[in-house]
Structures are given as C-alpha cells and as structure tokens.
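Input: structures, listed below.
Consider the two complexes below, in which chain A is the common component and chain B and chain C are the respective partners.
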Partner chain A sequence: MIDAPLTTRDIARPLRARLLTRPLVFYLSPIAIIALIPLLPFVNNYIIAAMVRALIFIALGQAWNIVAGIGGQLSLGHGVFLGLGCYTTGILFNKFGVPPWIGGFAGTLISLAVALVMGSMTLRMRGVFFALATVAVSLALVQLSRHFVDLTGGADGLALKFVGTSLWAMQSRSPTPFLYAGLAFVVAYYWTTRWLLASRFGLEMRAVRDDEVAAAAAGVAAFRTKLTGFLLSAALTSVAAVLYIQYYMAIDPEAAFGLSQAIQLQLPALLGGLGTALGPVIGGALMIFLSEITNWGSTKIGVEGLDILAYGLMLLVVILRAPKGLIGLIVRDAARGATK
Partner chain B sequence: MAGTEAVALLALQAILSGILVGGVYGILSVGLSLAFGVMRIVNFAHGELVMYGMYAGVVASKNLSIEPLLILPVSFALMALIGAAQYQIVFRHFVGQATLQQLLAAIGCALVLQMIAQLIFGADARTASSNFTGKYVVLGPFFFSQAQIVACIVAVVATLAVSLLLQLTAWGKAVRAVADDLEAAEVVGVNSQAINITAFALSTGLAGLAGTVLVTYFPTSPSVGFSLMPIIIIATTIGGLGSIGGTFLGGIFCGVIQQVTAMMWNSALQDVPLYLLLLLFIALRPTGFFGLRSE
Partner chain C sequence: MSAAALEVISISRNFGGLIALRDVSFKVAEGEVMGLIGPNGAGKSTLFEIVNGNLPPSAGRVSYFGTDCTAMPAHLRRRAGMCRTFQKVRLFESMTVTENILVAASECLPAARDPRDEVAAILAQFRLEPQAQRRPSELTLADRKRVEIGRAIAGHCRLLMLDESMSGLTHEEAEHLITEILALNRSRGITVIVVEHVLSVLAAIVKRLVVLHNARVIADGTPSEIAHDPVVIEAYLGTKQTALR
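What follows is the complex of A and B.
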C-alpha cells in the first residue's frame, strides 16, 4: 500500500491503473477488519471510543498532510479550520436548530473564505511567513472566541444540545456509529490523497514543494498551486470537524484554535510519514495509542502532561532520526512522494 | 472640552505605558531575531527559555529570598547553556534553512521544555516579587509601575550592549560575516560552528534575562512561553527579522498598539489589532521596518 513512484511512464498509464496498484482485497480487508471489531465479544465502548478518537485525528491529519506534506506549506494553525467548522456547526444547531448536515457545509464555506484571505495574503512569501501568519490567525481566533461569549460560550466553550440518538442531528449515545463515520472519512481521505499523489495537480504541488523556482520555470503556476492545495486542505479539515464536534459534543477556544491542538493535527502525518497516503493513518493510530498509555500513566503517578512530553520527544526523534516517518523506517525508499 | 482633554490624557498614558511594556517585548524578541539573522533559525522554543528565565526569578525570590534582578547574570548564563545544548542537539542540523523540518523541530523542543517545567514547578501560575513589584510612580496625571520602568531600563541597556557587541568586537564582526555569507566567512578563517553556537547561546541567554525581568510584574506558568510567542513573533516581523535595533523598536511599537487598544477599546481584545498588523506586514512588507531583504 506504499505509494507508487510517479514517473513519466506512469503518467502515461490510465489513472485507475496508477491508483489500484495492488489486488482489491489488499485495500478492502483493513476496512472490513475495523468495521467488524465492534462485533467482537470482548470489545467494549472504551475501546471503540479510543478507535473513534484515532479515526478522527487520522482524518484531520490526512487533511493537514495535503497542505504540509504534499504541498510543503507549514500550516501551524490548522486548528483555525477545525475550530471554524466546529463552532459554525455547533452554533447553528444550538441557536437555530440547523442540522449538522447543513451546518457543516456552512462551516466549510467559512473556512474556505478564511483560507482564501490568509492564502492570498501570505502564500506569495517565503514559507516561514505563511507559518507565522497561520499562528497569528489561530491565536486571534482564540481571543475572539473567548470574547464573544453570547455566540461562542466564551472560555468555557460551547456544549452541543443533546437530543438523543438521531441521524438527523448526527447524535448517538453509543460511539459505534461514529466508528463507521470515522472509517468512512479515513477511507475517503486516503483515496483523495492517493488520487492527489497520482494526479497532475499533486505532481505540481510536489514540484513547488521541492523547488519553487524550478517548478515555476517549468510552467507551474506556483502561487495558484499552493493556494488551491491550502483551500483543499482547509475544506477537508472543516468537513472532518463535523465528526469532531458531533462526537465530542463540545468545543472550547483552546481545543479549537489553540497551538497544542494544532500540534495534534500535525503529529499523525509527521509520525507516519509526511506526504504519503498511508503515513497519517499509521501516525494517527500511534498518536492516540500513545496518548492513551500516557494518560493512564499520568493518572497512575499523578502527573499531568505526560502525553505532551511524549508528543514533543516523538516529534524530535522523528525529525532528527527518521525524517520520512515510520513508513520511511519500515520500507526503505518507500514514500517516494514524501518530503525530502 | 474636558472630555477631549481626558481622552488625550488617557491616550498619552496608554502610549507611555506601551513604551514601557514594549521595551520588554523588545528584549524578549531580540534573541529570536538574532538567531534568525545569523543562522536563519526561527526558534519557536524561544518563549520556553523566557519561561525558564521567569522561573529562575521565582526561585530566587520565593525559595532563596534574593532580589530577582540580582540574578540576571545567572539566568543569562543558565539559558545560554541550555541554548548551546539545544543548538548542539537539534538546530545544528538546520543552519541556513528555515524549513518545515526546522520549525517542527523547534516546536518539539518547545513541547519538551514546557512539560519539563510543568514536572518541576507544577502547572499553577507563580509570581516573584522584587523590591519594585507593586509600587507605582505618580508623575502629574500619569502613573507608572516601578517594576515596568526598571524592566524597560534593563531592556534598553541589554539591547544596546548586544548591538555594541556585534558592532565593535572581533566576535561581533565574525557573527556578522557568518550571517552575511557563511562560506566566504569560513574561507577567511572564521570557525562558523563556534560562531553559530555562541550566537545561539547569546540569543537564548537574552531570552532568559528578559524572562527574569518580566517575572517581576507578570506571573509565570509552564504555558507562558506559548502565550508570549505571538507577541515575540509580531515584534520581530514588524521590526524586521534579523535586525536587532529594528526588532527592539518593533517591540515598543507592539507595546504601544497593545496598550492603546486595551485602555481605549477593550482589554480582552488587546492583541487582535496586532495579529491583523502581522498579516498586513507579511502581505505588504515581510521584511518589516528594518529587516533583512527577503531572498
């Protein structure tokens, strides 16, 4: 399931042949295994809930991977789009009874508008300024969402009104429906990434990432490519935000726009392998597994924050010792789509 | 008539307080700007070293009952050492390239340093008291915090000292040569690794010093580094990444805008105009007022 290398010969092959590089069963069996887990006798809601959390952060990591891994633009404030999606969906539901099916759509539109403004202002500059701008916007939103208490619930955050299990309101007492929804997201985003890596647009994104001047000389519209990649990533983040708010049933300024949340959006792709389709899947699962263990350890020894310490150490070790992520460790010269 | 006069007085008070607060923002940011100017390293963990400098002040004042301002050289030296270690372990690999990997490595450092502080000092906010804490100077219609005045004086002196160090000493000349062209500097016999590690240590040492000054009027907590980073980044970008004097003025500019917003409009939203300014600067003038030319 490692991404196929993209060569001139490959470009000549039809897209379908480039995407399905292995027998279909190879792609379907992991999905089937995850889908059947809730039926196992020893699996309780605790395990399912952990899996849902993993799937949510995998999906968010897959979305971030598009702008950062494939596009090479370091968005440090991707929480902006998670937060806008969550708050829009939540506010529309609580105040006006608008179902998340429509609220999520509205949230995505708002995210796209914000991404368009941010991107047009900063993506012409060197990468570091884009990174700084994304930090600035997310922190401005932390302050704004704390301030407008009537709309957002202020620093305490916003709790979704619970109406009982309902498909219309996307609510459920049991976590199992969210497992299937999360699985659908991860599969859809996986194939979006695969398609992107195999498509001409993804090739252009990677060309801009690896050498912007050379890409521009070869006729790639660098700014437009960066902006489109950023918009796509922002939209996918905002759509996945619907799953986030419906599952957690609450959002607050730090969980939405805070820097620690932004780091949790980045870790799946970083740990697994930047710029690869499978990377965020492996990395996201590992991240949640790690956070479960450290949370358990934290309560055991009564010390807070072990998970963040583990995240930071993992981040350093991966960047210094395995810049291609776990995928790069497992398969030598895997991840030819990965960041250099 | 009286109304406009009161508004004018309030505005003047806001501007003067802003200059005092801004001077400290300046010294908080100068180190970051230096590391960028010399090595093109954007150290997102800069705020964490400020935080350790703040805890040094807390330990001095609460545990050892010493005036925190007396330990400024100690906290400078300690943070310089931590910075040198940080450079040797992490940033050595990223000199000359403010890439995605470098920024992420810095964030990794920040998380680790933050959590170590939390393990040592606990998650609660802590304060330090110096002889100037909580005392005010009244000058006609205006009043100023003594701690802020002292902090601003220290900031000005430290920034001047760094500028003179860079301009007048042989070491400063070598730093500027490495910043200008690393290979050419090595050709004429400058040991660029030695220059980089000392410049980085100076940058984090300044962060520590700034933290110890700051804690005399501002409480610290393990997450204070993250909350200071935005203002540091904004001061640096507006003043000009890589320019010491420019960054210091950028800090004062930020302080003034922040205080005027807080006193005349809304203190809960005091930083929002700054974030907008940062976006405008990035879009229109990414080199800031005095920064290095963008490559």
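What follows is the complex of A and C.
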C-alpha cells in the first residue's frame, strides 16, 4: 500500500515503524539504481541532464505538494519562492561573491518573510483569496524583476558567472554532480513528506484540508497550521531553487515568477497524486519524460511549444480520468485486484 | 456555589438588518442534560456557532465554567473541553475512523497521556472497532454520528453540544444514540446540551428545555412545563397534542 492511512494497529506503533513500512532495501534500491546510472557505458550527458531536470522538478513538486496536497491550500503562484531563491542566490554570487551555500540560506529567509506576510494576510480568509494572492504576488514580482535591470538583469534575466568546477561555488561542467545533488534533494523531500504524513502536524494539516471548521472543533489551530505548512513549503521551494539556479546557471522573470513555471511546479503532484509522498516522484519523472519527447518532436516537425500542449493535455486527462493522480489509479487497481 | 458549566449572557446577533438573536440568556448547570428547541429560523444554529466560537456575538457574553470565553477562538474552547457535533455530520473524509478521533485526542489530551489509548477507549465505548480502519464514506449515518460524537469527546470534554444528532436516524438508532449520550453524561460527568426541533425526541433525554422563537428565549422549564406553556403552544407547538407527539 502506498501512503496508506493510519489504522488502529499503525497508531500503536512508534513513528519510526510507521515510516519504514517496508524493508530498508525497498527504499534504498531506487536510490542506488539512479546513483549508478552515470556509470553505465551507454548513458551520456543528455540522459543525465534530463534526469537532473526531473529530479529538480520532483523536489519542487514535493515542496508544493506540502502546502497544496497535504494542506489543501492552493498556492497558484508558488514560483514566487523559486524566483526569490534563484535571484537572491544569483545576485549575491554575481555582485558580492557570496557562495550559494550562504546565498541559498538568504534566499530562503527572504522567501519565509514573504510567505509570512502573504499567509498572515490571506490564510484567515476562506475561499479563493489565498490562491489569488499568490498569483498577484507572482505577477508583481515579474514586473519588479523586469524593472530593476541593474540588479536582476531585467527581462533578459540573470546569468550566473561561471568560475569552473567548484564545490564552493556549486558549479560543474558535467551534469553528474547535479544528479547526485538532485537525488539527495528528492530523498530528503520524500522523507520529509512521509514524516509529515505520519506526524501529528501532518494529521492537523489533513484535518484542516478536509474541513477547517470541523478541525477547529477538534482542537486544531487552523490558521497556525495553514501558515506553518505554507512556510515549510515556501522554505523547501526556496532551498530547491539553489539547485535550480546552479544547474541552469540563469534565471529570468518568466522562468522565476511566471505562471507557466508555477504550473510546472504543480504538475508533478497533480499528475502523480496530490497529498502523497510518492506522487510527485512519479509525476515529475513522467512530466520530464514527456517534455523530452515533445521537445524532440518539436525539433523534428519544426513546431515550438509542443511541451506546453502536452502538459495541458496531461492535466486534462488526469483531471477527467484520474483526479487522485497515477497513485490513485495504482491504489484503486490494487484494491480491485485484492477484492477479486 | 460552583459556577455554571455554561452561561449565555444577553447574547444578540444581527446579520445586517436581520436580527438572528435578541438578548438571549440562560444557564446550564454542571452535569445537566439540557435541551434547546425552536422551529427553523429561531436562532438555534446561530446561538450554537456563537457559543462554540465560530461566530462573534453583536452583543453579550459567553461564560464557560465561570470564565468569559467570548473572545476565545473555537480551537481553544475545544481544548478547554467545550465540544460539539454538527447538524450535518462533518467528518474528515480522507481519514479513517481512527484518524478522525486521533486528531482530537492528539490536540486535547494533556501531554502526559497517550492519545492512542484514548482512541482505543473511544472506539471500544462506541463499539466502533470493526469500523476503525474504514473511511467515513463507508459508514452508515448512525455510525458517522457516533464517530462524530467520539471525536467530539476525545481528549477532554466537559460540555458536549449536540446539534440535531438524532435527525435522519431510525427510531432504534436514535434510542441507541440517546442511551450512549446519557451514559457519557453519567460515566464522564459531561454536561450535555441537545439541540433539536422535535420535542418528543428531547423529552426522553432532558429534564430541562429552553425554547427559542423569533430570536428570543420564550420559555425555560421541564418538558412537561414547556408542553403546557401557552406561549410555547401558541408560538411554536400549535397544540398540546402535537407537542408531545
């Protein structure tokens, strides 16, 4: 069973036992396989680069999944925190030589401050105000990042200064180090999500998602829970932004704060399964796989934007045929199989 | 003399020009089982939401065991033991029965106690163990109501407010639920307020009734007194015969 709900038997078990529901080898095998892929003779940089992109978007999708999937707060402009993380890291490095290890920390603090202000103003309201506020802030930041040309590079964006392969600067000519960094992010975010789902805080988030009034009637501080979930998600997005900017080496207003980017952050969880730990992993991998195929198709037939069309179609199919994502389909089929 | 479990003091509530409650006052003694009745639109639900902290009053105060809780948020009232159910059952639909109860047990129990023990005790008390791993959508209405009451009392409960918990149940299911509610009152010493609009249902449970009509309290007494009160008969019940039917 994937991300199964707690049962009476489960809650009698300690947290560690609830998290490790299968033998350790089950969790370590996929990590080992991905880690060993660069060593295979037929694997080239193109394949590794595609895997890095998948891992980056899986991590970003996992971060969004916390606020939207587990917490039920639809943050439509979550690119705000990706952009703030990327720009802060990039500007501090280019202008002041601050390494991304510290720049990313600063970016996360800025994201937390912005999320705190946004959340405090909108999360007490019921309805669509929060979702609209996130969109409004992201649109404002697109304009601001275009306006302050000296700082952000304006509409052309910001290109990181390349200093050669360096751990201090988190830079490499080869995509392979980013594969391992991306893998570390995905593993860390996956287990963060699993811990959340098994923890008291995760239970509070799910209660608020299901019914805010009933959650308050059960003793849950709904506003504080929503705000904490939002802050956690914003922070994780901003931390993953360090990997994004160091890998792509550039950021521009649309790639940072644009709505198409925000949709790409949402797709892994929407495709794979909202509110589950494994959903964004499957959804993110599928998204990049289809993106690579459509990019290849685009160059063959000379039509741009096929990937956006593919995302739209995928989203449509998921909404109509599998609203709980691919994980929902797998669990449903497994349940059907079990009852046969 | 100990403070009342609940004291509603001159509560009024307006929605724009509409007066939903006008100077409503009553007390509920600790350990009492009290009924609150009134026809649709009398102001029962508005009063319920104000007492529970989901709606601020336009005027007046709510006192809970001697403490003014008018400005206290709903979740803090719950943690202080003020518990409720909803007119239309509101469970956490993505969660199992166990998880539904665990939410409240985790929030409302003292830190030294294990919420898992409380969940197990409530599942046993309401005979919900066979349904423990089911989701609410798989339950009968009677079981959903029992889960909601179980969640409502989990952790710490001194005052339980039931909002039309018998509605939609068969006669037999309602009787079972009444037995369980009275058992809670006796075994845990929980003060109970039952909101219904059918007097015959309440007459079997409570020794005292408060009647709301047109945003005001029009009567306060035993079920027998209420059934014979000419103001109640005229304003709400129609005739004595229909009142006790």
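Keep in mind that, in the parts below, the second predicted complex is superposed on the first by the 326 of 340 C-alpha atoms of A that agree within 3 Å, B and C clash if a C-alpha of one lies under 4 Å from a C-alpha of the other, contacts with A are read in each partner's own complex, and residues count from 1 in each chain.
Simple rule for what comes next: a contact is a pair of C-beta atoms (placed from the backbone, for glycine too) under 8 Å apart; a residue touches a chain by one contact, two chains touch by 3 or more.
From a predicted model like this one, the values you see are computed outputs, not experimental measurements.
Of the two partner chains placed around the shared chain by superposition, neither chain B nor chain C is touched by A:D252.
Of the two partner chains placed by the overlay, only chain C lies in contact with A:E204; chain B stays clear of it.
By the document's definition of touching, neither partner reaches A:E212: not chain B, not chain C. When both complexes are overlaid on chain A, the residue A:A222 reaches chain C alone and has no touch with chain B. Looking at the shared chain after the overlay, A:G127 reaches chain B, while chain C stays out of its contact range. Judged by the number of chain A residues each one touches, B leads among chain B and chain C. Residues 5-8, 11-12, 200, 203-204, 206-207, 209-211, 213-222, 275 of chain A are the ones that touch chain C when the two sit in their complex.
Chain A makes touch with chain B in their complex at residues 68, 72, 74, 76, 118, 121-122, 125-129, 131-133, 135-137, 139-140, 143-144, 146-147, 259-260, 263, 266, 270, 303-306, 308-309, 311-316, 319-320, 323, 339. Chain C contributes residues 52-54, 73-75, 78-79, 83-84, 86, 90-96, 98-99, 102-104, 106-108, 116, 119-120, 123, 129, 132-133, 135, 151-152, 154-155 to its touches with chain A in the complex. Residues of chain B that touch chain A in their complex: 42, 90, 93, 98-101, 103-105, 107-112, 114-116, 118-119, 123, 222, 226, 229-230, 233-234, 237, 266, 268-269, 271-272, 275-276, 278-280, 282-283, 286, 294-295.
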